[in-house]
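What follows is subunit A paired twice: with subunit B in the first complex and subunit C in the second.
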Partner chain A sequence: MDPLDRLRGPVPPRPHDARAIAALAANPGCARRAVLDAAGIDKDATATHLGFPAPFGQSPFAITRGNAFEALVKESGCAELLRMLRELLGLPIAQAAYTDLGDVGGNPSAHLRHSHTRGLLDRAARDRDDAGTLYDHPLLRLEIAGQSAYLEPDVVAFQLGGRFHIIEIKSFAVVDGQAEPDKVAAAARQAAVYVLALRNMLQELGHDPGRVSHEVVLVCPENFANRPAATLVDVRRQLAVLRRQLARMTRVGSIVDALPPGLTFDLARDADGAPTRPVAELREAVRGVGARYAPDCLSTCDLCLFCRDEAAAEGSTDLLGRQVRDALGGVATVPEALGLADGSLPPGEGQEEIARLLRLADRIYAEVS
Partner chain B sequence: MSTLAALARLRALRDGTAQRLATVRHVHLSERPMVLIPLRLAGEAAAPLAVMAGTDPAHPRLLVVPQPRDRDLRFAFAAELAELLLPYIESLQKDTETVERRGAEPYERCVDAPQLIVPNRGAAAFVQLLGRSTRFRRAEGPYAVHASVPLLGRWLTFLAQRGRHPGSSLMPAATEALSLHWATGQSALEDANLASLIGWIDPPPGMTGAAAARQAEDPLIWPPAGPASDPGFDAEVLAPAIRAYEETRTEHAEARVREAVRSQLEPTWRLMWRAVGLLAALPAGPGCAGRWEADRAAFTSFAAQLAEGAPPQPRRDGAVGAASRLARMERAQASYDAQRAYDDPLVMAGYRLTGEAFTGTVAHADPERTEGEGRGRKLRPLVTVRTTDPVRLAPGTRLGTPERRGQQAELVAIDGEHVTLKIVKGMGRGMAATPGAVPGVGERVCYAALLDDFQPPAALPPPEETPWTHGGPPPEYEPPSDEEPDEEWS
Partner chain C sequence: MREIHGTPGNHWYAPGVSERLDDLERRIDALRREIRRAVRARENVLARSLRAELRRAEQAWDQALADDEAPGGDPAPGSLLPIREQVHQALTLLGVPAAARVVVAVHTALRAGSLRGSQLTSLRRDEERSFRGAPFTRPYYLCAALTDRLSASRGLLAVSTWPLERRVIGPLSPRVDFLTTAIRVAEHVERSAGAGGHAPPGARRLLARLAHNIPGAGGGPRTRGLPPVDVLTPAGPFGEGFDGPDPADVVRAARAELEVHAAADAAARAEIAGRARERLADAERLFGGATLRVATA
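This part shows the complex of A and B:
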């Protein structure tokens, strides 16, 4: 039995989406997240069963708005999208072909849909036909730690003159040319995942991966109207980060090999799907894989509250955030840092400098407050 | 983050209660501040859902948009908000004082200014967005709105922009103001949650700050302070209420939305006034009054611009406007940093830790020392301070001191624990130092490489002479034409 299947138990693996992959890249040092994700474990259900449900959700208003905006952009064969692309890329194309890759008939498997995308894009890459083509609902694949993740850009690959662009449709507004930086950053990270997947696919097919542009087209509503506007976003930096993190992820195999043989995160669901695994047992299992908690996890990882609780119990300085940890020169626990500060703990090797600074801070703090 | 602030967080975690990061208050508190809590509809750019606002803790005003996607309802809401906010702002323009200036005409300055306290940075950004979406509207033509709406937009824009000016207290965010004065045992990210921040600072009796902060994270007990509402509330309460309103458009349905929103805002309303109370309990730092004076001057001058019929603030600053804004903000930041350190030994402590400041006792003083010959002879007293602080300053660095504002010294040499300084400014004219101007042996003194002296404004060309390298002169303001309503608020 595959060790990852054993970790997950007898349920199908949860598919990765680009958002999850992008979040994965945000905290690459966390073995717990790497293992759980590689095994396709439902982290949300795990966290809930542990008594620490994820603290975030998406408002139905945001979902409705996102879907409505995407529908608007893609209306009548992406007519609106084509208008913007013509302006943005300065293309003299009167019309473009529209191919819906989601249309394979019936209820096809991801594998089948991916082969279909692959076949069509292969032909497109071979053709070097100058007519623009929009490919809606493509299904891409990315190898993550030895697992295939199927990715569906909510979005489209646009091919023109032999070059492909990833198009990302987002419903946050761009007001006077500016949008919320964290939202743009998240969109760029997500688009980078698609660029990478598409490049890998072209490479496998024997084409030049450089034919997928590192400039993605971000489509957002402009100002306060519903009218979409397109901008080019350079994702080279995000691509580099992603590649590096994914390369690290391949090492998940060695983490898994080091785990105790009987370890499983199986929730032992009964016939109705309710988890029956004793919570204490599951807790021990999850704690068997080391986590690296950071406050940023609170907005990206389902298990964050569990890990935060664990970090608090261990007195880890991770709890206070990276800035504090940096200021403490990497001293791992709160009692240790406090001990260095009041002098009750002699500094270990390499800790002389931070200990001196903490003692000074302690002295000055006592003097002025 | 300084080691001092990091240590304060560690202690907060150990003791289960927030630790002071300041001995005095660095934010001005108006006698009659207005608390304003905006909520937006999730997923929309600038669809206000509600605002709870007012100057009386016992009587909050609640304005609600029962269907935030409806454009007419939004503008009706903006007009209502204007009715609430503009009288408050206008009441503060009445009383003025005459300010005499050296070498310039005296001018009139309002004796007080509005202070809008919002829960967090997100709320401040949303206020700015509301300002942006209303200030270009017009009271006539198609898509006409109530005349007060564009005026509201300009004021909101002014307050939000000024709120980002270092040291300004016209529109402080409660979480930021509190974080400036207290360190909690959680991360800065979690401090953005007002309820949990206040939990650390002022836990209910019999509860640790840590426990109160954890409890504060439950959106059922403490709904988020906005501008986004809790997704669970959106799904279970708000969405059905809005749908019912959409279907029936009755008063009853409107009241249902209203009460739902009220349940989300009332806990935050109480928290906001607790935040005001916590800040008010700190003694005001000496620099607050001067910075508030600058706020009052900015308020007066903006009110005058409006009265003269100036066009709405541009969407984006032109090249000259942007450069001068940046220069102003940089100077304000330097001056704000220096003032806070001079006003507060705990803030100064951060600079002592990094070696940019030091405290010690005077070991030797030569108040009558002079330099130069003949007519060029100048009084340059020498002072040697003994300190155990790790001083990291180069000879020749200009230093200021909180004990004698306006005085400046130059670092001469560091020899072990002895730092020798030369006083170069502010010790009196002539060949003898003013009595008391030079610290005496045994006196405890503090010197810092922080100066809060006048810096001339950046030399920039007038906007109409913007060079072509910077895009040339910005276009004149033209109101949006009737045929093409530039943008809808939909």
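This part shows the complex of A and C:
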């Protein structure tokens, strides 16, 4: 039996979506997340069963708003989008073709839709002159730790100088040229996932993957109106992080091999799907894989509250954020750091330098307060 | 044939009105009985789906009653016409297949009608049912636009009396249809202004929205690279004293872009229409075939 299947228990692996894959890149050092994701475990259900349900999930209002904005941008054969691409990238007037790749008639499988997308994008990449311009509802595929995840970017545009551009439609506002950095970063990470998937597809088809631009078109409402505006976002950095993280996931085997042989995160669901596994037992199992909690986990990972609780119980310096943790290299807990600072704890080997700094900080703190 | 036997709740058109109401009442009674039974047996899933069906049946009953009243009243005001008449009017004005949203927007702006998007959701299905029950008995049907895979295009409404070429959607057709829509709306605004009347503000607003996405139409940037003109009017294109774009400008600009696409679009449409004539029977030609094959492109 595959060790990952054993970890997951007798349930189908949870498919990854772009948001989840993007979140992977946010905390590359966390072994717990890497293992749970590689095994396709439903982290949300796990966290809920542990008594730490994830504090997020999109509000239905936000989803409705997002969908309405997307519909507005795509109305009448992407009329708004064409205007923006003409302004932003100088798309020639003649190129206005719109192909709905989701329209395969009836209600077909992801696999069918993916091969349809593949066929048409292959044709687009091959003959430049006769190809379409906008491809709506494409379905891309990305291999994640041996499973294929199907991804649906908002629109793919082609023919802007023979290159493909991923278009990401988001409903957060860009006011006076500024948007919330968190949201832009999240959108860029998500778009990077699509760029990577599209590049892989072109490569498989024997085209130059470089024809997928690393500049994605981000479409957001401008200022306080609902009028869409487009900006180019460079996702090269996000792509690099993502690639590294995905490579790491395929090497997750080495982490899994080091785990105790009987370990499983199976929730032991009964016939109605309600988990029956004793909570204490599951808690021990999850603790068996080391986490690397950081405050930004709170916006990306389902298990964040569990990990935070664990870090707090251990007095771990992770709670204080990445910068502090890195500055306190070699000092694992807050009590230890305090002990080193007031001199009650003799510095261990290799801790002399950090102990000196902590004592200095303690003295300065005592003088100014 | 598929899906002729749906819930009688959606079966509005074929039978006479009072017969229909009787049917519906019987159906509602039966559903209530079944729900009671399901609740007693604690079959929650079944009860929920039955309740949904009951709601639909009740809505259909309300609708049937409203339809019953409509022909008795004065037929002139737009809002008292049956929904399919109103949609037909809007589509005839546009002359191209249109999404429900566009139909509602155009109808609201130009006819001062009160269509709601939700009223259009089951329209195509009901029309299909009626057609399959008794083909070609009505002067027109509201039908589907066909994609290049000869299936029904998602969300687009068309009129059955149009030539097939107009009802099929090639890659450039959404753009062409959008430009045609803009031209028709502009002409309508111009006509009502020319007749001495004043185009309703809703119509001018709609025109401004359409013109915004046509290069050189006065609603957006005149040439590529220049900032949008309404940068200078902070209140946007509908600020004080701004009358919206000139309809003649919109027509000119839209025609100019249309010329660029016309030949390629016509060729694609002719090809798809040819295939549709060859392969599809009457009902599929109107409401789309159920093709489920992978693209052979």
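As a convention for this text, the second predicted complex is superposed on the first by the 343 of 369 C-alpha atoms of A that agree within 3 Å, B and C clash if a C-alpha of one lies under 4 Å from a C-alpha of the other, contacts with A are read in each partner's own complex, and residues count from 1 in each chain.
We take it that a residue touches a chain if its C-beta (ideal position, glycine included) is under 8 Å from a C-beta of that chain, and two chains touch if they have at least 3 such contacts.
Model, not experiment: these values are computed from the prediction.
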Is A:C78 in contact with subunit B, with subunit C, with both, or with neither (first, second, both, neither)? second
With both complexes superposed on chain A, which partner does A:Y365 reach: first (subunit B), second (subunit C), both or neither? first
Per-residue touch tally on subunit A - higher for subunit B or for subunit C: B
Figure out whether A:A225 sits in contact with subunit B (first) or subunit C (second), or with both, or with neither. both
Tell me which partner A:S213 touches in the superposition: subunit B (first), subunit C (second), both or neither. neither
After superposition on the shared chain, which partner residues are touched by A:E87: those of subunit B (first), subunit C (second), both, or neither? second
Figure out whether A:S115 sits in contact with subunit B (first) or subunit C (second), or with both, or with neither. second
Given the touch rule stated above, what does A:S316 touch, subunit B (first), subunit C (second), both, or neither? neither
In the superposed arrangement, what residues of subunit A touch both subunit B and subunit C? 225
Interfacial residue positions of subunit A with respect to subunit C in the complex: 71, 75-80, 82-83, 86-87, 90, 93-94, 96-100, 102-106, 108, 112, 115-116, 119-120, 123, 132, 225
Seen from subunit B, its contact residues with subunit A in the complex are 1-11, 13-14, 20, 23, 41-46, 129, 132-133, 185-190, 217, 228-229, 231-232, 234-235, 238-239, 315-316, 345-346, 348-349, 352-353, 389-390, 487-490
Subunit A contacts subunit B in the complex at 55-66, 171-173, 175-177, 221-226, 295-296, 298, 317, 319-321, 323-324, 326-328, 334-335, 337-338, 341, 357-358, 360-362, 364-365, 367-369
Within their complex, state which residues of subunit C touch subunit A. 99, 101-102, 147, 149-154, 171-175, 177-178, 181, 210, 212-213, 215, 220-221, 224-225, 236, 257, 260-261, 288-292, 294-297
